[in-house]
Amino acid sequence: MLHSKKVRSGVTNIGCPLLFGAALVASWQTGLLHKILKTDEYILPYPMRIIDIMKENSDKIMLNVNASVKVALIGLLLGSVLGYLIAIIATVFPKYGSGGLTIVSAFNAIPIVALAPVFINWTKDVSDIAEERSMAAKILVVTVTSMAAMSVNAYRGLTELPPFSEDLMKTYAAGRLTEFFKLRFPNSVPYIFTALRVSVPGSVIGALVSEYFAEYIIGVGRQIRENILIAQYATAWAYIVTACIIGIVMYAILMLAESIILKACLHRT
Amino acid sequence: MKNLRKTMAFIAAMTMLTGAFASCGSSENSSEAGKSTVSESSSSSGQTAEMSDSDRIVAAAQAGKVGNWGLGNEYEILALLTKYGQKTEYLSQAFDMDGFDDDSITLASAMTYNELGLVKNDYEGGYGYGDTVGIIDMNNEGVAMLEDNLFCTKEFAEKNPNTVKAFISASMKGWEYACENPEEAAQIVFEAGSSVSSDHQAYMASEVKKLVETDTKGNTVNEYGKMDEEAMQQTLDLAKEYISLDDSTAASKLQTLTLDDIRDTSYWEDASADDFGDPEKTSVSVQLKWLPQCQFMGYYVAKAKGYYDEVGLDVDIVSGGGDIGETTAVNNSTVDFGVTWVSNLISADAGGMDLLEIAQVYQRSGLVLVYKK
Amino acid sequence: MIFIVLFCFISFPEQRNINELKGTISMIEHERNDIEIMLDNVGMVYDSADGKEVTALTSVTMDIHKGEFISLLGPSGCGKTTLLRIIADLIHPTSGNVLIGGVSPKDARLKRRYGMVFQSATLYDWRTVIKNIELPLEITHCPKKERHERAMKMLDLVGLSDFADHYPRQLSGGMQQRVGIARALALQPEILLMDEPFSALDEFTREKLHVDLLKIWRKTNKTIIFVTHNIQESVFLSDRICVLSPHPGRLSAIIDVDLPRPRTMDIKDTPEFTALVSKVRNSFEGV
Amino acid sequence: MKKLKKLLTSKFFITIVWVVMLIAVWELFAFHVENIKRTPENVQPHLSGIVDSLTSDRKINGSQTALQMVIENAKATLTRAGIGYIIGIASGFLLALFMSLSKIVEKTSFPYLMLIQLIPILGMAPIINAITGDIAKSRIIIAAILTFYPVATNTLAGFKSVQREKHELMYSYAANKFQIYTKTMIPACIPYFFTGLKISAPMAITASILVDTLQGGIGLGCLLSQSLKGAMTRYVFWDIVFFSAVIGILSFYIMGIIEIMMCPYRRTGKR
């Protein structure tokens, strides 16, 4: 009963979504989608046209991709490290720490669109060069948005330990540092990935939105906005597709890293 | 004991955090120096006043401190920079004048009727620079592009010619009245829900009046909404040169556009001659390019004074200021009419929309570059 | 004195002539019409992840009588749970036949001939104790009033009448398992299938539940098939113990337990009990 | 766990301490900014200034004070967010249900479900607006899309979390599909469903505010961007930032309270 299913499930796993995607693109290219959505090929250009624009402007697109990815990655890194540090502080001082975590997670509820202009004003004096201070503002937005997810998850990873493991460490008379590196840190690794799964897409979106307001004009998000404002929908779509690809690639890399690292962790124990 | 240790460590951590914040703050001290240079430069105005406009433009461009809002408002600046042989780069200017105020932008874009007023005057929201600032006028530099116009889709105009004519007629009547009574117009706009302070509103009305009644060469215009061939052609030529489109199809279409593709004077002519019948569509809406303010006082006046009712139209004025261009809103029939800048209409038509200018309200460019003397 | 035990050793049934075996079984069926479950040459082969065939169970042939308490005893991997799941129609044997009250496991299931008790109580967190017991009755569209009455009766049977409106989380593990038994009995099935139901409980609770289970069994007269890896437990509870051995899973012995009933805890101190326990243990070593 | 069992009063106290600390840091900054900036309210105003702007009866536009404006616009935004939220919840739940009912549906839609969270919906907002042609509609749709993903994935996780024994139990009762879902699957996934609701409640509000900024009209985001673009005093912007933060946090807790009311059997602290 099972053996034939295995082969079949492999086929359906890839086949079904592919088929669906192909059907979607086909209905898009043939104009069926336009009829369903009651729109025109101006607002929703054909896929081939979008791809053409992407090909024609690959250099310019890559320039903007670089800028956006840089913001997303640096912000993600800073936010995650900061978030993890906050989680550590919260673990060391559980009484005040968890209260602080509640406050940090509340940042999640503030719309980034509101944060972006605030941060641009805050970072005005970071540098005389507009490109640098814009960068700082954008990174700050991404940092704040990815910090919350990391601190909450990492705190769980640092405190929700296997039963008796803490006691075991005590019987070894292990110091706090040993306890951290031998027990708490390894325990928190899967939680780090849980946080990253939320914050990686979040960092991309944070980068795109913060570009809207930045002083220095660069980035995929900014291009989407500029092109829509001058009514260049086909070009805007090219950048939207680019943004999707950035998100997908970053997520795929994360998944790959997760599977490799978690496997390595499993082998070790 | 243990608790005490914990508390101490906690306090230490917090102190460190606060310290980090404080040091972060101290890096801002550099701007304190910046602030003092503001007063210095303004006090030593006599010395720098000798600088010519072209020197200013070159200096600011090379320092990378020319500002503009971008998003389709930048073409005149690009043309100006090109004129002086500078790289066509500018800073993205926020919608306040803080960047100008703190010197991160030395040559800032300003509309005569809005930002310039805020920079000069000291009413609420103003920076109070008074006459210590000077301007570079796009009209004088020969790079003026026409701004606020009225437009709709070709399809709508063909289907509802009388509605279009009636709307133009009543709107222009509104503009005429507003320009004759700018203070009353300002009050009407304020009561219509604008949140701009009434002082600034009054300033804006008087400045907008100038744009509506003076052409790019400084001559007085008596016919409201007239489409001046020469100014339109200059706008189209500059647009072809400075609107850069990534989409090659759109870019090549842009180069083929002629005035006849983007405007039709017949509706305005008939409207001026009061030569139109009953409107086909009586309930219409108009999308403004920006937030409700005196920039659009003609429409608010026409509505408040009942000019639209007189021609049998029920008009809904939709304020703008968002990311959705007014061109899109008109193109997908969210609204019937729109107010936009001619350059925006040109790029929309190049992109594949079928929009038609039906009246040109502003006869000259309201864009200036403002600098501290 | 050592009890004389009927020792029925079914040695490697694949060596037997299957036709002959089938004949024997139909004969037995004629002779005794109180057979509840009939297993005929039941085998189960899985495909493992790397594509190899894994034999979970090789031809098991046996009869289980009405009202009998049967234990399936063996170490992990011996196929005892597989056998129970085959009877419960949760999996289909790759060879052989199963008849429950004369019908296939599927028909038996559709007729709700058996109730199941799992290793974990598998109670529904969001239902109170009484609502948990009512669950199967809801599924069979039993009228509301009758449903409640029957559930209360079952709850009474397991001695938890006072806890009807508690949520499962408020109960101890032993109490939860009692609710599980009450729920399995709610549809008044003829057969109770129990898959290591007490293995997660502490020794004290388990012993108490053993006695209680025997009481319930006596009152309700069900046929019970009880999967366990605990020798003492199987000896204390069962009429017969089916000893299963791993690699491949097979029925290696059936041991009759003719300790007198009703059994109490004291019986565990008797030499007969001890002797049976060692006999069962030896039956493993003998394999 | 021991630490969680602290008395409510002390927990309350800790929160107060944190809030006071945050206020102190904010004010420290505000004083600093006040000294170096000509328009401190554009960078960071004093909290007292923000409170003043809310309580003052000065009319911002022709007829309303700041507080009246915020409340009126908040009503519009929250209504749209609410409608979008409900649509998102319903469609997210239904998709999860179909995915759990049919392997084909699950396999087909799961990669696309992942994709939805990777698409910059906020970047696409103008296009959705262009397609629908109605700003109010697109505001609702985007709130719905953002709600949709967390609800769908969490509900699906809830369906998958049902123990094998529970499936077997229902199987042994010969329960039909409808009974399996109403008696087992759906009640079992409720806590997961609420996790999704709690995540997406602030998101729906954020989205609604963000999409407001696309075009004029009524809504918190419109007001926010107008204030940012200098159409009215900057304090309105700060009022909205704080208001939206408070509403976002409240929405999270309100969903938590509803969950506790709906699930009396749940112990606290799970997930």
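The first chain written gets the first letter, and so on, giving A, B, C and D; residue counts start at 1 in each chain.
Throughout what follows, a residue touches a chain if its C-beta (ideal position, glycine included) is under 8 Å from a C-beta of that chain, and two chains touch if they have at least 3 such contacts.
Computed from a predicted model, the values in this text were never measured in an experiment.
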In terms of mean CA position, the chain most removed from chain A is C
When A-B and A-D are ranked by contacting C-beta pairs, first place goes to A-D
Separation of the C-alpha centres, chain A versus chain B, in whole Å, is 36
Here the gap between chain A and chain D, centre to centre from mean Cα coordinates and rounded to Å, is 18
In whole angstrom, the CA-centroid distance of chain A from chain C equals 52
Here the gap between chain B and chain C, centre to centre from mean Cα coordinates and rounded to Å, is 83
Two or more other chains are touched by the chain D residues 42, 126, 130-131, 213, 228
By the touch definition above, chain A meets two or more other chains at residues 39, 43, 96, 117, 121, 124, 225, 228, 233
Counting only contacts in the complex, chain D reaches chain C at residues 163, 165-166, 168-175, 179, 183-184, 187-188, 190, 263-267
So, in the complex, the side of chain A touching chain B is made of residues 39, 42-43, 49, 52-53, 56-57, 60, 89, 92-93, 96, 117, 120-121, 124-126, 128-130, 134, 213-217, 225-235, 238
As the complex stands, chain B meets chain A at residues 6, 9-10, 13, 27-28, 30-31, 34, 64, 70-72, 91-94, 98-99, 102, 104, 243, 245-250, 323-325, 327-328, 331-332, 344, 347-348, 351-353
Listed in rising order, chain D residues that touch chain A in their complex are 3-4, 6, 10-11, 14-15, 17-19, 22, 42-44, 103-104, 107-112, 114-115, 117-124, 126-127, 130-131, 202, 205-206, 209-210, 213, 221, 224, 228, 237, 240-241, 244-245, 247-249, 251-252
So, in the complex, the side of chain D touching chain B is made of residues 21, 25, 28-29, 32, 35-39, 42, 60-63, 69, 125-126, 129-131, 133-135, 213-217, 222, 225-226, 228-234, 236
